[in-house]
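Per-chain residue numbering starts at 1, and chain names A, B, C and D are given in the order in which the chains are listed.
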Amino acid sequence: MELLIWLIPLLPFIGFLLNVFVIRREREAGLVASGVVVAAFVVTLIAVAMLAGMPPEERRIVSTAWEWINTGSFRVPFAIMFDPLTAVMALLITGVGALIHIYSIGYMHGDPRVVRYFAYLNLFVTMMLFLVMANNLLLLFLGWEGVGLCSFLLIGFWFERKSAGEAAVKAFIVNRIGDAAFILAMLAVFTYFGTLNFYGDGEGGQIGFLERVSDIAGLRIGPDWQPIFVSTAISFLLLIGATGKSAQFPLFVWLPDAMAGPTPVSALIHAATMVTGGVYLMARTEALFTASFTTQGWVAWIGAVTALLAGTAAMAQWDIKRVLAYSTVSQLGFMVAACGMGAYVAAIFHLLTHGIFKALLFLAAGSVIHGTHDTQDMRRMGGLKDAMPITFRTYVIGALALAGIVPLAGFWSKDEILAHAISHGHTPIFIILFLTSLLTAFYMGRQVALVFFGTQRDPGYHPHESPAIMTVPLIVLAVGAVIGGVINLPVLHWLTDWLEPVLHEKAGEFNIWLALIATIGAVGTGYLGWWVYTTNAARIKIGGKDPAYRYSGDIWEGMEEAWYLDRLYQRTVVAGFEQLANFLARVFDPQGVDGLVMGIGRFFGGLANGVRALQTGYVRTYALVFTVGVLLVLGVMLWFAR
Amino acid sequence: MVPTSYYILLSAILFTIGVLGVLLRRNAIVVFMSVELMLNAANLALVAFAREQLGVEAQVLVFFVITVAAAEVAVGLALLVAIFRTKRTADVDEVSTLKG
Amino acid sequence: MESLAIPPVDLSLIAPLLVVVTWATVLLLVDVFFIPDGRKKLTGYLAIAGLVVAGLVGLPLWGVTGTTFGGMVRLDPFALTLTWVFLLIGALSIAMSLEYLPNQGIEQGEYYPLIMFAVSGMILLAQGADLIVLFLGIETLSITLYILTGFAYPRLTSEEAAMKYLVLGAFAAGFFVYGIALIFGATGSTRLSEIGAYAAGRVLGDLNLTLLLGGAAMVLIAFAFKVALAPFHMWTPDVYEGSPTPVAAFMSVGTKGGALAALVRLLFEGLPTLNEYWLPVLAGLTALTMVVGNLGAVAQTNVKRMLAYSSIGHAGYVMLGVMVAGEQRGPEAFIFYILVYALSNLGAFAVLIALEHEGENAWRLDDFAGLYQRQPMLAVAMAIFMFSLAGVPPTAGFMAKFYALTAAWEGGLPWLALVGVLTSAIAAFFYLRVIIRMFMTEPEGEPEPALNRGLTADIVIAAVGTIGIGLIPAPVFALVERSLVALGG
Amino acid sequence: MNQLGFPLLSLILWLPAAGALALLFVPRANAGLARQVSLATMIATFLLSLLLPLRFETNPMQMAVVGAPPVMQFVEEVPWLPIVGATYSLGIDGISLWLVMLTTFLGPIVTLSTWDSVHKDVRNFQILLLILQTAMIGVFVAQDLLLFYLFWEFTLIPMTFLIGIWGSQNRIYAARKFFLYTFAGSVLMLLALIALHILHRDAIAAVEPGFRGTFSFSQFVSDLRAGRLTLDTTTERLLFGAFFLAFAVKVPLWPFHTWLPDAHVEAPTAGSVVLAGVLLKLGGYGMIRYNLTLFPAASQWAAPALAVLAVIGIIYGAAVAFAQSDMKKLVAYSSVSHMGFVVLGIFALNAEGISGALLQMVNHGLSTSALFLMVGVLYERRHTRELAEYGGLWKVMPVFAAFSLLVALSSAGLPGLNGFVGEFTIITGAFRSPLLGWIYVAFAVGGVVLAAAYLLKLFRSVFMGDVSQPANATLPDLNRRELTAFALLSIPIVVIGVYPAFFFAGMQHSVAALVADLIAQAAGS
């Protein structure tokens, strides 16, 4: 069993190594890469089956490979584990991952660097699996930064484009800011618990910190006038880490730019898996978060604010992928808000369904882009439903799922979050999230209308349907998007039960009225979005303004720019740092620090010239100096003897 | 008998005159003479002390000093002649090419 | 007046000195009558032979301690070791002069005996136990050096240097004699041991003590002048620059060695009990010397002049050992430093000579440009000497400086050691400048270095010695240590 | 005493010097032979040094006893300068083991890098490299303070020549600055050495008349710990300061760093590699070996202030690196930032911090060497180091780009590679240190973010974007030698990242002993 769970991350890693060192041909690369991920999926299934065969309380397998760091009291094993939470994450990663790998074979066909692409993809899956399988924060962090690296590599995959390089670097650095907080959180955890392990290794060794969060109950640090609970400090730092990775306010600015990468990458990394890392982290360390009332409030509000901000931004985008990107940010906001409200199961549930239908949407969008010869501006699309029937149908299924229409997957998971919000008294949060869900339906209606309805506005290309290797994964995912909700249906709540050993949650009440209102609202706004953009289709010009701009003006522009947050950062933080760095490098260092050093040199140079000036060449001057010396020496010696 | 201190005072005055001569006069010959004056002031002090202390060393030294002075002056005058040949001057301040 | 009794004389105690003086005198005559112009090099070889013989004559005297001439002259291992060092300095200086003199057109046979006389003066200084002998030694050394300085007649700089040296030297001599007079007036003796015995019993307020101190101050000043301690150093740069290069080389190490040897005797045989008076003064002068010497060198672009200032700086370092010669390590540091400094400095001057041609002063820093590309081994040798003078390991210069600093710290002068290391950081600047010019710039029509046997021998001996002593200093230290067993009494 | 029965350390130490001597007999014009002899010597030295970790006792019989001197292995001792009690004494412990290995490991890589970059006076270049190698190993293995100082200062000479003769335009300025700055920095250490010698001699001679003093490191330590030699507070702090200044300049700790960018920019590639790879480590090593061991109380006293300097250096170095348009300068300032971490770790004064600092020194030696090699590869092809001159090289030189990315990530501290382990261990140490704490770490972690910023800026400017300059379009990818060098460097970069425990194990015993003493001192004072 221990060996088996090691196989899960190792299979993709072997694929990575093969792709780096052995494989040189495109066809083999795609097959091997997809093959190992499919194999990993199968192994995961087996592992899940074996896990299910164990009594619920014992459903955790821990395996230590070697002592990773051992210095002083600081000891971290290289250890992975497999428990119900990990299992669902691993299933999502390998399952959706496998489909995306297969899809990529078609999508990336003909690209000159396709081998490298699959290598990156395999490495990503490896790292993502380490992220969810790690049994300590440090190994989780390895996966955490590892997926960041792969994200960097894949966003910048078409590095010839300037925007790709910039977006890649931006993604990495913004993530690093969150990671810095993550590091501090790890230090704090280690300081207060003496270990970074989540759980004990099951062999009578040290127990993990998640199992004894009560150790720090009531412990405070900080200055006397403003002490804070240790649990708050740690969880807040983790939250910052999560806002980076899961693209939450105020660090979500990297995700829209990240769309510069190949579309399957957006589907895998920036929709289904990597960006959910933050949510996973919060769910995993749920014990720490629930220990801090303060942090939970922050988490909920950050999630809600992000959901709303990104939802509005998604409404005003023209780029087919940027709509989905902001939508992803918005949906992640839902999950984070759910975590903040303590609805971890709902968050994970939404994470899973979102992983499926957002991957579907991205892949379908990729199919659109593929079929329109790399067109991404929706103003140049229109009327594609006839040319791309399968893509169209799957896209609509995805859109409906995202909009939360009964009985698709998205409905159940979103509803669970909303129901939790209302039943636990988080009314303001509920209002924001509900509003956002309406916006979601609206912008999906808008997008479907712009892309698939009306007439083709740019006649410069001939749209065509994608090959089967791309459409088959779409169909599979579409099926998933339709029936995915089944895993945690209100009456069955399989997922809640499955996760109970980890998250210790009981199933919530199903609120039929809420479900009814939400569905009606979603259908209504979704139709509205579709209606506005089909009827006004004639007004949409390539490079022109949105029809809604007429009514909302600057507000629309603000939405289009995601409320200028990115620009604010550019002008304050980035520009400020660049100016400071330039000042230090061009002025302070050469003239200040080095100037001081050289000044010492010049000082002695001046003294030296003084000595030189005294040496006049006149022998009588020498005699005079001599005589002065005589008087001094005599004076001093006789003064001593007085 | 004249007290030794008188001799010493005189020798000190002579010595100081010698020093001032070296410092103030520009003619090389006068400078040499001033140095001689210093040496002879010392000689005076030596013999005066020799008389007081009844020691023989000081008197021996005086002979040495006279000899050395002669040698120095011999070398000095030779040099002076050499310099005078090239530079046509006996002014010590004119001979100041080496400096800095 | 008591009757003069001739005290018993043991000539064996001054055997090396006798050999040198006699040999020089005879050589002077031989040179005039038997050696034709143009073959004066032969005189040089004979002079070296004389110095070697003198050194060999000294061998059986190792370990002998004794005084003669009524206690005016003393022989002990300290003096003997220094005698050997001086003989070595003399021989190396002569070796580098052999080709230099004809190249400069100033070849005269008297040159070599004069060097030998100067060496005899230095030996006398090392052996002197009486102020009169010290005076004699210092004047023997000085007067020969006046002549040697002006040896490049009719070159004006040479004459100017000689004149300045003579005027100031005679001026200093005046103070010396007057100082002796005062000391004699206070103590009634010129014998160092008797002065010491007298001073031991004196207390403050005693007029004789004041007299003694005044005299001591004046004598010290005369030595300070010879050693080139600031502010009595002013003659050094001009005289070194003006004199023929081998003479400058000889002077830089010889005068210092001789004068300091005498100073050690004077301070620790004559005035040990008065050290509370002279130590602060000398320490002050030493500090000033290290600062002035090294700063002065910083501003120089003339390498010869730079070496002159550097020799002032080194006078300060070697004084570190001299001042604390009452301790075990002081005189050790002094002898070791003089030996090492002699090797490195003579080596450096030898390289300078290699670059010098008649009528051209190849002393500008620029003349060293690209020397590495023209004469790599010469450049490497010069680099070794420069690093040694700067005190960078693994050269002997480092060991010497290290030991001098240790001695100073141990002798209770940590602040002076501090000044020493700080100024050595300044010193690195100008030594490095020569190295940079040699190795890191391109040559552009500088004079071609001309090497000959004498120079090569000098440079090789100096370089091997500098590196060898730097890496394995123990044997030399052992010798130095043994030579000091009998000092101080 | 010596577990091998033959003087292994002496062999390792003098083999490069012997190679240099042998090179003297190679004709000056025969560059090829000179390179081969040099490379062979370096490889032989490395192979020989492999015996060290193989035969190293990770847990020596004598356990860490408070008050005992460090347990040295492979010890050799021969009288050298009996008049002051200095001996030719060599030995290594866990603190020096990996630094020696780093030095010998980088040797062949440095030599390989000269093949394409040095064409002028090749033989003498190799001679200097070999001599430098001996000097650097000497610093790490010397167990006598005078011997240590000898090697310490001697490293300046070959390095100055390497910069000054084979450097680029401003090489003379850089060489002079390098020599004078570092020389001036260490003169006070010489004085402190002497002071310690005399204080020790006087203290011991009071008990054992006739004692002539010593420079033996372990004797100092054992007498200090046994209380036979006590230093009053002021003296200890002054001595600490004198030693520290020398090391701080070498590290270089902010604000003593300004010689470094000049030296790096002007030095030839091999020179930069040695400078960054090993020479800077001498400073960090010195702090641990001498400052912490000899002056524990003063270390406690000074730690917070020095850690502030270290943190300033981390941020400052990173910010200035970010603003550079010259690649070498960028990497040079990155060294200031990274070595700031090392100093921070050292003055955390606990096992995590110190072992982290030791490992980080090795890491920095590997990654920064590789970065300089990378700049060298580009410079040899295009003869410019301006970032703006490059772009899109990922397409032209894919293999090179891959290695460069690995190296940049290692330097930026990506988990799974070496840099992360070191940095993380250091900040763990700093965080847990009662003297420092989370504020230091918060700023230091800011340096981690900035590290990513400047390294990715470097990587993006060079490798990403389109090939804008026609001259870049035809650049050849790595040749065999370059590939070998990068591949060799990549091995430890990955291995340390994945299995650092092996490296920590070697140093653990020594570090534990050192920390035990520091704690004992803190409790005592």
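As a convention for this text, a contact is a pair of C-beta atoms (placed from the backbone, for glycine too) under 8 Å apart; a residue touches a chain by one contact, two chains touch by 3 or more.
If you're wondering where the values come from, they're calculated on a predicted model, not measured in any experiment.
Colleague: Please work out which of C-D and A-D is bridged by more C-beta pairs in contact, and write that pair.
Modeller: A-D
Colleague: Could you say which chain's mean Cα position falls nearest to the mean Cα position of the entire protein shown?
Modeller: Closest chain centre to the overall C-alpha centroid: D.
Colleague: So how far apart, in whole Å, are subunit C and subunit D when each is placed at the average of its C-alpha atoms?
Modeller: About 43 Å separates the centre of subunit C from that of subunit D.
Colleague: Any idea how many Å lie between the Cα centroids of subunit A and subunit D?
Modeller: 37
Colleague: Can you compute the centre-to-centre distance for subunit A and subunit B, using the mean CA position of each chain? Integer Å is fine.
Modeller: A distance of 96 Å separates the two centres.
Colleague: Taking each chain's centre as the mean of its CA atoms, how far is subunit B from subunit C in angstrom?
Modeller: 25
Colleague: Would you please write down the residue numbers of subunit C that are in contact with two or more other chains?
Modeller: Only 163-164, 167, 171, 175, 237-238, 299-300, 429 qualify.
Colleague: Two or more other chains in contact with one residue: find those residues in subunit B.
Modeller: Within subunit B, residues 19, 22, 92, 95-100 contact more than one other chain.
Colleague: Would you give the residues of subunit D that are in contact with at least 2 other chains, written as numbers and ranges?
Modeller: Residues 180 of subunit D touch two or more partner chains.
Colleague: Among the chains present, which pairs are found to touch?
Modeller: So the chains that touch one another pair up as A-B, A-C, A-D, B-C, C-D.
Colleague: Could you list, by residue number, the parts of subunit C that touch subunit D in their complex?
Modeller: 332, 372, 376, 387, 392-394, 398, 402-403, 405-406, 409-410, 414, 417-418, 421-422, 424-425, 428-429, 432-433, 435-436, 439-441, 472-474, 477-478, 481
Colleague: Any idea which subunit A residues touch subunit C in the complex?
Modeller: 604-605, 607-612, 614-615, 617, 619, 621-623, 625-626, 628-630, 632-634, 636-638, 640-641
Colleague: Within their complex, state which residues of subunit D touch subunit A.
Modeller: For this pair, the touching residues of subunit D are 180-181, 254-255, 257-259, 316, 319-320, 322-324, 333, 350-352, 355-356, 392, 394-395, 398, 409, 414-416, 420-421, 424-425, 427-429, 431-432, 438, 441-442, 445-446, 448-449, 452-453, 456-457, 460, 463-466, 498-501, 504-505, 507-508, 511-512, 515.
Colleague: Using the touch definition up top, name the residues of subunit A that touch subunit B in the complex.
Modeller: So the residues of subunit A touching subunit B come out as 612, 615-620, 623-624, 627.
Colleague: For the complex, which residues does subunit A have touching subunit D?
Modeller: 66-74, 78, 116, 138, 141-142, 144-146, 149, 152, 156, 159-162, 164-166, 168-169, 172-173, 176-177, 179-180, 183-184, 186-188, 190-191, 577-578, 580-582, 584-586, 589-590, 593-594, 596-597, 601
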